[in-house]
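What follows is a set of structures for review.
Paired with chain B in one complex and with chain C in the other, chain A is shared by the two complexes that follow.
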Partner chain A sequence: MGVLYCLMSLGVNFIYGIMKVINWAIGEFFMIGAYVQYLLIVFFLGVRYWYIGVLIAALCTFLLGALVQKILIKPMFVGIIEEKMEYATIVTIAMAILFRNLAIFIGGPFIYTPPDYAPPTRIGPLPVSGNNVIAFIGTIIILAFFFYFLKRTWIGKAFQAVSQNRPGVLTAGIDVLKFDMIAFGIGTALAGAGGALLAPVLLVYPLCGVIPTVRGFEIIVIGGLGSIPGVFVAGLSLGIAESLGAAFINPSFVDIYGFGLLMLILLIKPYGLFGKPERSV
Partner chain B sequence: MLTIEKITSGYVEGIDILWDISLDVKNSLITGIIGPNGAGKSTLLKTIFGFLHPHRGKIKFEDKEIQDYHPYHLKQMGISYMLQEFSTFPQMTVRDNLSLGAWVFRSDRNLVKKRLEEVYEFFPLLWERQTEKATYLSGGILRMLSLGKEIMSKPKLFLVDEPSSGLAPMIVKEIYGFLKKIAEQGATILIVDQNIMKVLEISHYMYLIEMGQVKQAGPKEDFEGNIREIIRESLIDK
Partner chain C sequence: MESKKRMLIIVLLSGLALIVGSAVPLMVQAQSKEPVKIGFLTPLSPPGDHASGKRMLWGGELAVKYVNEVMGGVLDGRPLKLAVEDDQGVPAEGVTGYRRLVTKEGVVAVIGQFHSSVCLAVNEVAKELGVPLFSTGASAAKITESRYPTIFSIMGLTPPRAEFYMEFAKKMGFKRVAILSEDTDYGTGFDQWIKEYGKKGGIEVKGIIFPRTSLDLTPSLLIIKAWNPDLLINVGVGANAYLMVKQAFDVGLVPKVPMLATFDFPTRPEYWDAVGDKGNYILYQVYYKPGMPVTDSGNWMIRRYVELYKEDPTFYALNAFGQVVIVAQAVNFAQSAKAKDVIMALKTKTFTDWIGTVKFEEHPGMRWHNVSPPLLILQMTKVRQLSKESITVWPPSLGGTEKILIP
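== the complex of A and B ==
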């Protein structure tokens, strides 16, 4: 199950890598992605085209994220050199509260249950939920695309460069403020796609982003803030720790094994597996 | 080529680091700026390249007023800037570092390839280490990479901040050799360095800046007479 929350962690880590801002509203973008997906498959597309819904949900959360960055977060960045990350971080917390209340206002305090993307199935002798399988495969595909984009395209390389040396990006003639905006949009789109993929598993309601946020940050703390390889290793180890714990100790306490792993890693490596101490400016 | 008219500039509103600075950079010459630590030399280059915008005054490049332009716009117009701090990307390969220097014309694949070959020809050491990450390079090669990245765009005007800082004398000599060659290939250079003798050697025209103001300006011959005095003063200042 750990892998399913990787999109959340990746969204947070990508935005942090570029802007050094932790987006505490990431769970609300997950929630918005889930609502958009629910509307699409129930009223417009039908459940057969759930994957088109995921793409549209990602696009919507991308646009919303980019817009929010432009209106609310960019003004916190004074000029090109100086940045006020603390203020921007607080803005994201306010944003989370705003979006939750908007969801209650628009959709009511109800839990919506989307139809299943796939019927229950078996892996060998084990019965598994088809929705989980789809969410797993969907996540892997999105992660693969994201990696290809980051490592192989000009824009992806420019993003890597922004995370490593902002002044050096400016002297290369790259419009860094535009990249901030797009990065925020990509981060929120990853969460939105996660919400759309997991909608039949976690259901759709104003607080449906809370659990994925907690699990997402668990992965981040294990893997290291800002580290993208860390997300994969941590997501996988979390899943393995939970499965092993459930199989050999007691399946009722699945969540505890993840936190056990987290404690253990923090004792050995306080910055997470791939994290670095905060760079000084 | 570049004319600065009475600019006042600084990092925050109300606190001026540069006071009424005027300066002229002539086409295809090397102009050197010297002055003690903290005089505002780097601040001046940052203001020219749009990292900072002057509170007052004008900056003209090829007769266009550029004081409100963004760095990416200036890069497109043919200005490059090598930062005093490192301007490379540590976790990326030498090749990717150089390629990003070609960002403004990235859609022209052939031109990117051609420039890359030219820069490798210019700095054979970079060619040898093209697949290595920048973080593993020594100070001298890293400085070559910074220069290489910024000349990928074949700038008309090249702003260079402290190219010798932290390098051994042998390597400083080499770096200055490269700068001279870059100028010979047609770039106009505005250079800042603590190494006053090196700036004097390479420049045609010089400015001495102290406390955010121009103290002395003139062709290099004017400076040769009192250069010892200037060096002594800048040493006492430290």
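== the complex of A and C ==
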């Protein structure tokens, strides 16, 4: 399951890498992605075109994220606000509460799920949900595309530059504020795509993004804040730790195994597996 | 001149007397029309089971309508009103909500408790503040075992329900029963009592408790599958109850091994939206099957509920309705809207709710102020089947077929 939460972590990490703010409402973008996917599959596309639903859900959350950034986050980069992180924390937490309550108001207290993307299958002797397999493959594909986009394209390289030296990039004539908006949109789109992929696995309801958010932040801390390869390795490690702990020790304490791994990593590498200490003047 | 002055004073005084005289009855009337408030404390948002809470509130709202329109209000025409608080299924929120209802709203009783953990916490505050608290869906034995004068319950308690399930399992010839429970008072209570009655009945029981927030029950379900049980008891509430159904199907456990849900969540239309075809053949325990004989007030409620919400009422909605009606009757018996007098009436009088007569006896142990409705086990045998069309499996005394359908 750990890998399935990677898109959430990647979304948070990417936004943090560019803007140095944490989007605490990432779980709500995950939830919105799941709702959009449910509506698309049940009322418009049908389950055959679930992958188109994932793309549309990602697009919707991208647009919403970009809009939120433009209206709520951008002003702090334009005006003279010293404590940007605190400002962003308050704004994104308020946004999370707003989105959650809007979901209760619009969707009611009910739990929904789109039809299965694939029937149950087997991996060797192990029976597994076809939805989990699809979500796993989908996550890997999105991660690969994202990695390619970041490393191989001009715009990806520009994002790396913004992440490394904002004033330098600004002097080179790049509109950093526009990149912030796109980065925020991409981050939320990753979460939205995660929500859409996992909609039949985790069900669709107003709080469906909360646990993936907790897991997502666990992955970030294990992998290292700002590290993209760290996200994948940490997600995989978390999933393995939880599954092995549940199978060989006791399934009642499944949450503890993940936190145990997190503490162990922090003891050995305080900045996470791939994290680097930050220097600021 | 003098007489003119006296005349003027007399006229003025008479006018004043007329104004005051006519104003007093109006004031008295206005005062007498002041509503009597009943508190409704239930989960209306997550992490509580807000789908249950919402339906209970629908039942409570209909009861207020029934009391005001059919019973003519309470205390000679005073209207009844609901004051609603959301406990979110969180004990701390429940305690805050109860305090607010009692101290700010001045309610005569609080209805709508659904989660055992919340009800247990609120029960302590109710004892302190002295306003009756009704368990509408909370079944932990510790609630009524407290023997507090303020606690009243119309609900099947966990130990007799566990005994009922194991009796059913024994009659079905099951040798091994697995129970997967969430880590709440509700879940752990079932885990404990199922094991206890399993031991007494010679049935092997494997219990696993999972965190309430868990989204992946696959490891636990695989362990259970490897153990090869004859029956799996689903003690989840809210999202995890649905997740268990889906994931148990995905690992190939159900429907080959029958799953028994401990309450009526499969009767909700959204059950099928959440689990699809995977939810078929589920067994579920209820206290009411649509079509059962009910009282006049029950018929009134069911008719309007179906008209308004286009579904059959759940037991919890009916129970909330019945409890509001009972409190209204208690207020009338007591001829007072004071909590102390209402408690006295609740303890001593007999009431009529949606299904029959209710008397809160001071029994020893967990049966204190508790009225337990009859238990039934039904089975869904078609996708999107209505509750009234599902098969009654157990007990035979209530028309149970004693046969479980397995595809």
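Points worth noting:
One rule holds in what follows: the second predicted complex is superposed on the first by the 271 of 281 C-alpha atoms of A that agree within 3 Å, B and C clash if a C-alpha of one lies under 4 Å from a C-alpha of the other, contacts with A are read in each partner's own complex, and residues count from 1 in each chain.
Basically, contacts are C-beta pairs under 8 Å (C-beta built on N, C-alpha and C of every residue); 3 or more make two chains touch, one makes a residue touch a chain.
Nothing here was measured: the structure is a model prediction, and the numbers come from that model.
Contacts of A:I174 after superposition: chain B is touched, whereas chain C is not reached. In the superposition on chain A, contact of A:G46 is made with neither chain B nor chain C.
Here chain B and chain C are compared by how many residues of chain A each touches, and C touches more.
Chain A residues in contact with chain B (one complex) as well as with chain C (other complex) do not exist. Residues 79-82, 154, 157-158, 160-161, 164-165, 167-175 of chain A touch chain B in their complex. Residue ranges on chain C touching chain A, taken from their complex, read 44-47, 50-51, 53-54, 183, 208-211, 213-216, 218-220, 222-223, 238-239, 242-243, 246-247, 249-252, 268, 270, 273-276.
Of all the residues in chain A, the ones that touch chain C in their complex are 1, 101, 104, 108-113, 115-116, 120, 126-132, 201-203, 205-208, 210-212, 242-243, 246-247, 251-252, 254-255. Across the complex, chain B meets chain A through its residues 11, 46, 49-52, 70-72, 74-76, 80-83, 85-92, 96, 99-101, 103-104, 106, 149-150, 153.
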